[in-house]
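To keep things simple, chains are lettered A, B, C and D as they appear, and every chain counts its residues starting from 1.
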Amino acid sequence: MKHKIAILGASGYTGAELIRLISTHPSMSISALSADRKVGMSMENVFPHLRHLMLPKLTKIDNIDFSLIDLVFCALPHATSQKIVKQLPCHVKVVDLSADFRIRDPLLYEKWYGKQHDALDLQERAVYGLTEYYRKDIKKTNLVACTGCNAATGLYPLLPLIEDKVIDTDEIIIDLATGVSGAGRSPSEGIIHSEVSEGFHAYNIAKHRHLAEFDQELTKAANKNVEVTFTPHLLPQNRGILATIYVKGDANKIHQSLEKRYNKEIFVSILPLGEAPATRHVRGSNFVHIGVVPDRRTGRCQIFSTLDNLTKGSSGQAIQNANIMLGIDEAAGLLMAPMFP
Amino acid sequence: MKHKIAILGASGYTGAELIRLISTHPSMSISALSADRKVGMSMENVFPHLRHLMLPKLTKIDNIDFSLIDLVFCALPHATSQKIVKQLPCHVKVVDLSADFRIRDPLLYEKWYGKQHDALDLQERAVYGLTEYYRKDIKKTNLVACTGCNAATGLYPLLPLIEDKVIDTDEIIIDLATGVSGAGRSPSEGIIHSEVSEGFHAYNIAKHRHLAEFDQELTKAANKNVEVTFTPHLLPQNRGILATIYVKGDANKIHQSLEKRYNKEIFVSILPLGEAPATRHVRGSNFVHIGVVPDRRTGRCQIFSTLDNLTKGSSGQAIQNANIMLGIDEAAGLLMAPMFP
Amino acid sequence: MKHKIAILGASGYTGAELIRLISTHPSMSISALSADRKVGMSMENVFPHLRHLMLPKLTKIDNIDFSLIDLVFCALPHATSQKIVKQLPCHVKVVDLSADFRIRDPLLYEKWYGKQHDALDLQERAVYGLTEYYRKDIKKTNLVACTGCNAATGLYPLLPLIEDKVIDTDEIIIDLATGVSGAGRSPSEGIIHSEVSEGFHAYNIAKHRHLAEFDQELTKAANKNVEVTFTPHLLPQNRGILATIYVKGDANKIHQSLEKRYNKEIFVSILPLGEAPATRHVRGSNFVHIGVVPDRRTGRCQIFSTLDNLTKGSSGQAIQNANIMLGIDEAAGLLMAPMFP
Amino acid sequence: MKHKIAILGASGYTGAELIRLISTHPSMSISALSADRKVGMSMENVFPHLRHLMLPKLTKIDNIDFSLIDLVFCALPHATSQKIVKQLPCHVKVVDLSADFRIRDPLLYEKWYGKQHDALDLQERAVYGLTEYYRKDIKKTNLVACTGCNAATGLYPLLPLIEDKVIDTDEIIIDLATGVSGAGRSPSEGIIHSEVSEGFHAYNIAKHRHLAEFDQELTKAANKNVEVTFTPHLLPQNRGILATIYVKGDANKIHQSLEKRYNKEIFVSILPLGEAPATRHVRGSNFVHIGVVPDRRTGRCQIFSTLDNLTKGSSGQAIQNANIMLGIDEAAGLLMAPMFP
C-alpha cells in the first residue's frame, strides 16, 4: 500500500520537481494535484515532460477530498500557504515548502515578511525542515516547514562550526550565487532569458528574507546573537546554489568538524581539504557538497557549499522529511545520481 | 547640425538597440524618447547599460513636440503603431519597426493580423524596408515599414534566386531558428530563463505572421503565386537568426546568382561555396552572412542565411533606412564589427 | 544476484551517463571501469558528481578480469571499439556505443568511415540497437551496436511511415539540431564555451556519418533505395536533439501511423496532432516525443522528434538493450522522469 | 595619416577584440597580424565575424617589417611575450596584454610565475596599464603592461578607498566571478561547453596570480603591506567580471570617495548609493560600473565592480593606453555603448 499524496501548487517548479521524484518513489502515489491559475488543465499541458505519467488533473484545493490523503506537500506561494494549511484536517501530515512556517518567533516573522501571521499556533509548533538537524522532531510532528534554499546551503557548513566553536561568529560572510529557477515560474521582467543569460549581478543585498533563517538557526546554535553578512547573486543557469563562505578559524579544525558531523549522513559530502565543489555536480540530486580551502592568510578560510535549489533546497528535502514523517526509509526515492552534463 | 530623432517605444529591446547604434552615429542626436508603462523613468533605470549617455527622460508621446523632430523611429507594438503614425505631422519622416505597414494588401493584412487596418492610406503607400531592394523608394518616401526579422533572413537569399529563376518556387522550405530577444521584453511564461535555456522547440508552425511577408515579396519577385513552408524554432540564446533553406536547383548557379546580386552590397556577404555561416559571427552587427552547400542529391541545395534579429533584422535596418531618407551615407553608424565571443 | 557490468571508456560522457543510470538500476552492479588517458584516477576526480557512489578505480582494459563480467558496455571511440570487442571472451555480452558495428555492409562501412573494418565477422552479425525494431534479435545476440543519436531521432518517426507507405520516400528532409554533449569530452576549439554559447550553426552538411544509418535502415524499410537530405546543427545547450522532418504525405494518416506503431511502447510518445515537442521535456530521460503538424500546403507535413542524445540516444538505449539481453524487464532502471527545468 | 599597428597573437580572443575595436578607430590601421599555430590562414577563416574587413594574412613575427610599424599590441601568452618584446626595435611603442611586465619586483615575479624574467630591464621600467592611475607615465613610456582583468576589476574600487583611508586594509575580501572568455581560446577540458554551462564553481582559490597585482598596487597605495583575500569563480557566460568586495568602513564615506575620484573619468561610473551593477550592462564596452551597498551591520559595506574582461579588462584598456602613447584622444574608438541584451 502506497501513501496517498496531494500536491498543492503543482504548476510551479517545486511542484514539478516533487512529481518527478515521486514518480519513481517506491511507496508514494499521487492522488491529487491543485493549481490556482491552471485549474482543469492536464499536467501534460502544464508540464509536457511529465506526459508519460498518469497524473490527476489540476483541481481547486476545495475539490480535494483530504480524507483520502495521507500527506500534503504544500508548494503554494508565501502567505497563501498559512491560510490553506490551517484548514487541512488533522490526520493529514503537511510538508510546507513556502516560507510561512520557517520562523518560529512571530515578531521576527512580522519584521521580515511585513505582516502578521494568520496561523500563529501552527507557526509556533511547526518543525524546521533541515532534516539532518531536526530529524527527531520531524518524526513526531505533522507539520514541517522546509528551509529556504539559500538558508540550507549556508546552514549545512556553518552549524557544526558554530556548535564546535571553531569559527569567529562575528565574522561570517556568506557570498552566494543561485540559479534562476529559484525565482519560480511566474513571469516577470527580471527573469526573462534576455535579462538573465550572459550576465551576473547581486540582488536583495543585505536584506534577503533568508537572513531571518540564518539569524534564527545560527543564534540558536551559538546560544548567542549571531548576525551574518549575506549577498545573493543571480546566475545565468537554471539550477544550483553555491555559497562561498568567508570565516575566521583554522582550516584543519573546520574541515575536521565538518567531516565528523557528516560522516554518517548520506546526502552531505565533505570534499578533501583544499577542494571546492561545483553546482553542476549536484544538479537534480539531493546531495550537498562542501569543501574547505585555507586562505593564504593564516586563520582565515573559505568554505564552499553547493546543492540543487529545487531538490535538496526544496522538493528533495521535502520528500526526505515526508519519508521520516511516514516512517519509511529516509532516502527512499532520493538516491538518483546528479545529472552531469 | 545633427538630425533630431525621436524614438517611440524606447523601453523595449529594439528601442535600446536604436539608442546603442545612434550613440556613435555621426549625424543623429536623440531629442525625445517615449514609453508607455515606464513614463517618467530615466533611461539609466530602464536600461542601465545606457547610463553613460545623456538621454532625455521617458515621456508620453503626447508630450513630444514633433515640430522639433526630423525623424521618428516607431518601436511600438503591432496595432498600436498605426494609430500613432497617422497622427504625426507631415514633415516628420517615420521608420516603423512594427508589422503594421509591411503588408500592402489590406485583405492580406486583415487575414494575418485579424483586424482591419486603422490607417489604410498610409499602409498602401508605406515602403517595405528591405533596404537592398527598395532603396530608391525609401529615398523618396516619408514612411518606411521595416521588415520582420525572420522575413529579412529568408528574403535576402531567396529573392535573387527567384528573380534569376534558378530554383523551383514550388519547393522552398525555410527552416529557421531565432534568439529569444525577438520575443521582446514583456514578461510571459514562454520566455523566462528556466523555460528557454537548455532547450529547443518549434513554434507557430505553418502559421507565423512573417509568412505574409514571404508571400508578398516572393510572389512579387516571381510574378506568380509563391507559397513557402516556414518553420521557426526558438533558440536558447538572446540574439541571432539562422535560416536553413532547402531548395531544388543547381548549387553553382545559386551561388553565382547570390554573388552577382550582392557583390556591391556592404552588409550582405556571400561565403565561398560549401561554407555555412553561424549566428555568433554577425552578433550585434548589421551584417548578413549567406552560405550555399550542395546536397548529396544532385539538383538539391541547402542555403544558410544569418543576421542579428535586433540589428539587421530590426534596429540596424531601421537606421540604414533612416540614413537613406535623410540623404546621408547609408552605412553611417552601422560599420561596427560583430561582437565575438 | 546482480549482473556484473564493465564499462570500457568510462571517462567520457556516455560512460558517466551509464554509471548514473546503473546507480539506481535494480539488477546491475558495476565491477570494472576502464579509461585510457585517466588510468589510476578515482571516478570522483574524473566525475565529481559520482562521488557518492563506491566505484572501482579506472583501470586499463588489459587489467580487467572478464571471466567475472556478465556484460560489457563499450563506450570507446569509433575504430578503437572493433579492436577491443573482438578480443573479449565469448561468454561476455557486449553493448557497443560506438559507430563500429552499426553498418552491416562492409563496403558501406568503408565508404563512410574511410577504412576497412577490423572485425568483419562481428560487424556482419552485430544487431542494430534500435530497440523497438530489433527486440527479437537483441534477445538472441551477444553483440548489440547502439544507434547513432541523430539516426535514432530520425528513424523513430520515419520507419513506420515508410513501412505504412504514407510518405513520399524521395522527398524526405531531416533538419536536426543537437546539444554539444554529443561531441564528447575531448577538448577541441569548436566545443569550448565561448565558441558554442549564444550561437547556432550547421555542420557536416550533407555528409554526416549518421547518413549511413539512415540509408541502411530506411532502404531496408522501404525495400528500395531511400536517400534523405540531412542537415545537423549545433545548439548552445548540452543535451537534447530535435529533428524537424519535412515530408510529403497526409498529416492525419501520418499521425495515425505513428500512434498505431507506438501505442504499446513505453518510451515513445506521440503528441496530439498539431503539437510539437521540445528537447527540454525529455532531458535526462529515455523518452522520445514525436509530434506531427500539417503544413499550410495540403499534402505536406512537418514531423518533430526529440530525445536526449546521452540517454535514449546512447546510454539509456544501451541499458534498454542490455536489459533485453540479460532477460530482465526492458524498462528496468530507465523510468525516471525527465528533469525540467 | 593613421598610426600603423601590428597585433602579435591575433588568433586569440584579445586579438580579435583589438581588431574589432580598431576597425572603427579613427586613427589606427592594422598593418600586420601574427599568429603562431595559424600562420598563413586568412583572418576570415580564423574569425569569420571579421570577414567584412580587409585584414592582412596571419604571418610569423619574424616576417613582420617593424620599421613600418608605429605601435605593437602584444597579445601573446605569458612568458612568450617577454622574449618577443625585448627583440622589438626601439622606435616601436608596445602595449603588452600578457602578465609579463605587470610585476615590477623581480622576486615577486619569480614567486608568482615560477621562473626568472627574461627581460629584467624592460620589466622594471614597464608602466602598469591601469590608465586612470598611470596616465602620466603611460604618456612618456614606450612599454605598457596592461593589467590583469580581475585585478582591474578590484583595483578600480579599492585604490581610492585605500588612498582616502576610509576602509580597514586588513579586512578586504574580493569575491569575484568571471566569464569563460578570460580563459582564452586554447582548448582544454575545463572550458568546453558541457563542463561550463549550467554550472558555477570557484578556482585557483587563494592562489590566483592576479593576487600579485593586488599586493603590488594596494601596498603601494596604502604605503604599507596589504594582503587581500581573493576568490575567483567561473561563470557560465562568455564575457564579464563582477567583483563583490567586502570591506569594513562607512558606506557613505566610501561612496563619496569613489564619486570624488571618478567624477571626471569617462569610463568609470559610480552608481547611486545602494545600487549594484550587472556584468551584462557593460558587455562589449570599455565602461566600469561600481556600486556601494551598506551591510545591515554598521561599519560594513559591500562594493560591486564590473567590467568586460575582453574590453576594459584587456583589449579596450590596451587601446586606451595606446591612444595616450600616440598622443591622440584617450577615448578614441572606445565609446560604443555596451551591447544589451
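The definition used in the following text is that a residue touches a chain if its C-beta (ideal position, glycine included) is under 8 Å from a C-beta of that chain, and two chains touch if they have at least 3 such contacts.
Values in this document were obtained by computation on a predicted structure and should not be read as measured data.
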{"item": "Third chains touching both chain C and chain A", "value": "B, D"}
{"item": "Selected pair, greater C-beta contact count between B-D and C-D", "value": "B-D"}
{"item": "Most remote chain, CA-based centroid, reference being chain D", "value": "C"}
{"item": "Relative orientation of copies chain A and chain B, as a Cα rotation angle in degrees, nearest 5", "value": "180"}
{"item": "Same or different residue numbers at the chain A/chain D copy interface, by half rule", "value": "same"}
{"item": "Length of the line joining the C-alpha centres of chain C and chain D, rounded to whole Å", "value": "45"}
{"item": "Between chain D and chain A, distance of the C-alpha-averaged centres to the nearest whole Å", "value": "39"}
{"item": "Centroid spacing, where centroids are CA-atom means, of chain B and chain D in whole angstrom", "value": "36"}
{"item": "Junction residues of chain B, two or more chains touched", "value": "13, 181, 194-195, 197-198, 236-239, 277-278, 280-281, 283, 341"}
{"item": "Complex contacts: residues of chain C adjacent to chain D", "value": "13, 180-181, 185, 187-189, 191-198, 236-238"}
{"item": "Complex interface listing, chain B residues touching chain D", "value": "13, 16, 19-20, 23-24, 47-53, 181, 197-198, 238-239, 266, 269, 271, 277-278, 280-285, 287, 289, 335-341"}
{"item": "Of all residues in chain D, those that touch chain A in their complex", "value": "173, 175, 177, 194-195, 197-203, 205-207, 211, 227, 229, 231, 233, 235-240, 242, 244, 246, 276-281, 283, 293-297, 300, 302, 304, 306, 341"}
